[in-house]
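Below you'll find a set of structures to go through.
What follows is a pair of complexes built around chain A, which joins chain B in one and chain C in the other.
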Partner chain A sequence: MTDTELATPSGSKKSRAERLSTIRKAWPWFFLILMVVVFAIISKNANNVNFLNYRSVQGILVYATQILLIGLAETIIIISGNGGIDLSVHYSLGLAAVVAAFVMRAMFAASLPPVLTIGTGFLAGILICIIPGWVNGTLVAKVKVPPFISTLGMGYVVYGIALLLSRGQAIADQPDYLAQIGNGNLLYYWPKHGFTFFKVPAGAAPADLQQIIPLIPNVVAITLLVTIAVWFILAKTQFGQHIYAIGGNIQASIRSGIPVASTLTRAYILAAILAGIAGVIWTARFTSGASNAGEPTLLFAIAAVVIGGTSMFGGEGSVVGTVIGALIIATIQYGLVVLGQQPYWQYVTVGVVVIIAVIVDQLGRALEHS
Partner chain B sequence: MTNLMDRLRAMGEIPLVKMSAERIRRQWVDYSFLGAFFLLILVAASMSDVFFSGQNISNLLRQIVTNGLISLGMLVVILTGGIDLSVGSVVAFSAIVVSGMINKHLPLPIAIVIALSVGVLAGAFNGFMISRFKLQPFIVTLATVGTIRGLVYVYSETPITPLDQSFRTIFSTAIFGPFTLSILIMLAAFLVALFFINRTTAGRAIVAIGGNEEAVRLAGINVRRHIILAYIISGLCAALAGVLLASRLGIAQPSLGAGFELDAIAACVIGGATLGGGGGGGVLGTFGGVLTLGLINNLLNLFNVQSYYQQILKGVIILFAVLARRSNR
Partner chain C sequence: MEPILRAVNLTKKFGGLVAVDNVSFDVSPGEVIGLVGDNGAGKSTFIKMISGVYQPDGGEIFFNGKKVSFADPRDARDQGIETIYQDLALAENLDVGANIFLGRELKKKFFSEFISRILFSAVLGLPLAVLFAWAAFHFFQWPGLLLGMLTGLGLGSVLGWLFACVTQLVDRRKMAGESAGALKRLDIEIPSLTQQVRNLSGGQRQSVAIARSIYWNARMMIMDEPTAALGVSEQRKVLTLVRTLASQGVPVIIISHNMQDVFAVADRIVILRRGKKVGEQIAAKTTPDKIVSLMVGAETVHKMGVIPRALENNGSAKV
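And then the complex of A and B:
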């Protein structure tokens, strides 16, 4: 295949650009594999810990959920272009966590049925985020305030409201079955006994628990479903294609009759809803709600988006890229934890990786156009 | 022809008639902000008898020193069309370095110079990456937020208390009236910036880069060097703020300064700066923005309003300021 391409002189320049483009798009995959191999070797040699097992995979996936959900929100907004960025989603996450925790605590105290309690709590947390999303969208799309400023201002407001609601405290006293959702698994495998859904096998004695392999963490399954939904929306629906078009060229979009304002508003609402989902997942995982739940996530999420190859200039980017980006960040986080490093090394490493990623991206683009 | 006019207008060389309506509107907004500001002071003074006390004025001014200096550096970067998110981490870095150096018994001036050079280095790195590789300022400085914060923790995981008492007293002793050395340093910085931006070639070039980078390049000005200079100024201002903050608090926490960049951006925006280039914003406006934010914090503290409301109010003021200054293009 390569030989024939090289043989035709007219096609050789194009194929070089195409190859470079392929390499540029594939490098996050290589980088992810590289990170895993590096951590496997270091942890084997330094701590004699086996990094390559299902526990690591699970750990990385669970770490990745929150980064991925906020990352998807940023992906949508950044693709919509024109300086698109949402600096309030991590605060919306905190607001959702606080509201969900409030509702569930109240309903649990009133001893209402578990399904109703969880359902209402989650729904309340997610739906409340529509408000900041709608305000952001309206400010950006209708009032034409730059996204950076409008979401910065909204971020302050949302954080203030979450603080006010929670009085700066973590909202504990959550239903005991909440942890089962947040930290439980979809599927358990007990060697020689078979699979069970949602619960540890009934007949297992405490000594047997060591053998039971938890297979798919619930939060990972939920995140996966949400990710597929976002992929579908961006890639397969008119709304998603409009977001790409607006990010690519807003003037052309207006002239070709795309409802720019309403599309942008809906994009910001969708981003806020994703933050809300991340928030209720946080509440389920830590069985409490806190206004600062999303605090460190924004840096990591934007890092994931950038590493995943989404252009900060808009119109270009993919859900798959952000998934890989989130996995790379989560691998770094989890790997450093396994190696027993202090959390701040995560910031250093992620910062360096982001800079490398943007330089590689920039050089790749320059080579393609040369 | 129109292209050339655009370029020159962007460089602020030709005041066009077309601009005047917009300019008048902007001035109206400025005046109404000024009016609202004095109204706020009047209301404050009438409702609280301690507001005009020397102690409160001194507190207010000392509290705005940090945000004032950071905002000043941020303004210079915003004028080039960029943004510097790493200032909060630089504040922590310089605060902890100056405290560490003092505890290593280095003379005070040398410790301060080392801390300031840390800020210069961070700024130079940001500026180099942004101008050399044509990377987005938002991404580069977001990455250095984490990297510098990490380095702060590498330097010290625990808070450092500068043991030299003179480090604390030198900046906080009143020189005349409510003015301490730290306040005078901030005011001097604003005066220097006023002169730098309006009266020097480098300052004018930095403003022009934000308007039209390509035109500045064609005019034979070294754009890359001026962008690096802008980020160095921002790093230096943040480092100076870190030194003064360590002196005021008497302790340097490695977690210091988180979110400071947002307050600085807020002050610049309230002062009329436009993010992502396009002009607007000046030293006096930024000072107004800093004072407004400081005044609101001060008032809410005086009236014992919970700090949660400060967040909400800050957000609303930012949105209001942007809405008022929005051009009708």
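And then the complex of A and C:
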């Protein structure tokens, strides 16, 4: 660097590195759009199906909720760096599903009021996850067990407990109104009749149901709210700032007085709570609880985080990136279904996308620092 | 002028090795001291004693006229002695403002984290207590009610601890503004304050670390080999910055191997050899050759005829 460069007046002028990093961070958007366009063209030509309609959008969004919620958990932990990863969240999801289903079945059998049943069941499922989250955080932050190991171990413990609770079976016999939450919509639109909230219009005959358009599935609305909350915490609060700082330089963070251990512990609890929310959503959607509810989600979620540009080395990443990552994966999954392809192709496709994402990311970084 | 810092007969032993042996010197306001010596002479160990990393095995430290002892580096920093290590302690993924305020972020004021925590605990805990008590009462009667209530309140306090953070918002605009001011006061030019520190040059990073210390009221600055990893023009920038600090009344102790650097900035030069202080020279009245010969032991302090002030005060000290 020469003196003339140093003497550049400070101001809004962006450096080359900054501009390149903007491009690098925008690529998942392009990729998502590309994906939608490709599926739209193929499905039109091959099956004469219109991919670009509200039903597809809804389908993709619903597919994305699970991956996104677990992805948000991983985003927080991976940003906190120093090998941060949580290999137990999908099992916490299962535990939450089992506990919620367990509680709701008992309360429904005792014919307690729906509000109480749902409220207690959901909260019990979500809040039970504080325990594995706290253990993870303490192991990582205080006992200094590498996150990979501690969360792997904790994951098995949680899975085992969920299996014991459920005796290895799905917990069914759920209240009938549960499905309304899990598969219902915030809003229904009946052309020429207007909108209704939560329920299909009362006066609609079975023949009319065809016309009624369900808008905004409940699970999507809940996931959206949770996503905004996590974005807010990471991007706006001091706690979020500390997570980025710890991910960037843990030694400097310690020296500058950041409460590293408590911040990390809170991060792992937050991640587990997100898994808990995903768990009760699963119970609501499938009106049962199962210990393996989160089984396939973990790796898809980590893939979403990576596609979204979060660095596995910590310190860098965003909620928006993970949202795009989750949408890309959900588009692949849903698109393959629409095309009538073998669903197994999703693994191949997602794998290729992850690898492309990492290559683009690395090339981008190399350019920025050249 | 009264010295800001007086180190008197500081000694540090590592097992049988005496890394620093009865070293004394003063630092006055606005002064730059070059601390030189061969590898292993004890320079780093010496400054670690006055920056709180090591406890001296013997001797005393006076800061602003008062006898002090530092429990740890944080303690020394809180009292105004700031040390810039080679690794700079910057979070490379964050921007300049975030680094200057690392761990001490400026916040938009609503209420303190403590009050926020109590509020959240109550707001979340009470409904939880009611809900769980109601549900548990149905199955386990009165013990259930009690247990449900306690569980609810307990969970409420955990959630309060977790989510108190949502009222503690960082004020990035204010941090950027304050940082710009801090850099300006030190004549530091950085093209863009919003880019990651990782994209800055070595000298610019060094400047950010220095600006951070000054912003947080450093009364004295210690720099261990600040120019070692820099290119020539960057070195010059950092040395200019050292002089700027001194002209603003902040004394600097600078460790360097590079004679040119030392002579470019230092008012006085202290030479260590095998843990002992073997000389103290006014930079304007000596030459690099003399310093080097002292460093390697060709001459001793007696021949130079310079008696450090701290030693004068303490006749028992041997040189």
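Please note the rule applied: the second predicted complex is superposed on the first by the 352 of 370 C-alpha atoms of A that agree within 3 Å, B and C clash if a C-alpha of one lies under 4 Å from a C-alpha of the other, contacts with A are read in each partner's own complex, and residues count from 1 in each chain.
Note that in this section a residue touches a chain if its C-beta (ideal position, glycine included) is under 8 Å from a C-beta of that chain, and two chains touch if they have at least 3 such contacts.
These numbers were taken from a predicted model, which means no experiment stands behind them.
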| item | value |
| --- | --- |
| Touching partner for A:V306 - first (chain B), second (chain C), both, neither | first |
| First (chain B), second (chain C), both or neither touched by A:Y159 | first |
| Which superposed partner A:S111 touches (first chain B, second chain C, both, neither) | neither |
| Partner, of chain C and chain B, that touches more residues belonging to chain A | C |
| Chain B versus chain C as contact partner of A:V348, first or second or both or neither | first |
| Touched partner set for A:V145, first chain B, second chain C, both or neither | first |
| Partner chain in contact with A:T120 - chain B first, chain C second, else both or neither | second |
| First, second, both or neither for A:N48, with chain B first and chain C second | neither |
| Touching residues on chain C, where the partner in the complex is chain A | 73-74, 87-94, 98, 102-105, 107, 128, 131-132, 134-135, 138-139, 155, 158, 161-162, 165-166, 168-170, 180, 183, 189-195, 198-199, 201, 203-204, 231, 233-234, 237 |
| Footprint of chain C on chain A - complex, ascending | 1-3, 5-15, 17-18, 103, 106-107, 110, 112, 116, 119-120, 123, 127, 130, 229, 232-233, 236-242, 244-245, 247-249, 251-253, 255-258, 266, 269-270, 273, 315-316, 368-369 |
| Contact footprint of chain A on chain B as seen in their complex | 83, 129, 133-136, 138-140, 142-147, 149-154, 157, 262, 265-266, 269, 274-276, 306-316, 318-319, 322-323, 326 |
| Chain B-facing residues of chain A, complex | 83, 85, 139, 143-146, 148-150, 152-161, 163-164, 167-168, 299, 302-303, 306, 312, 342, 344-352, 354-355, 358-359, 362-363 |
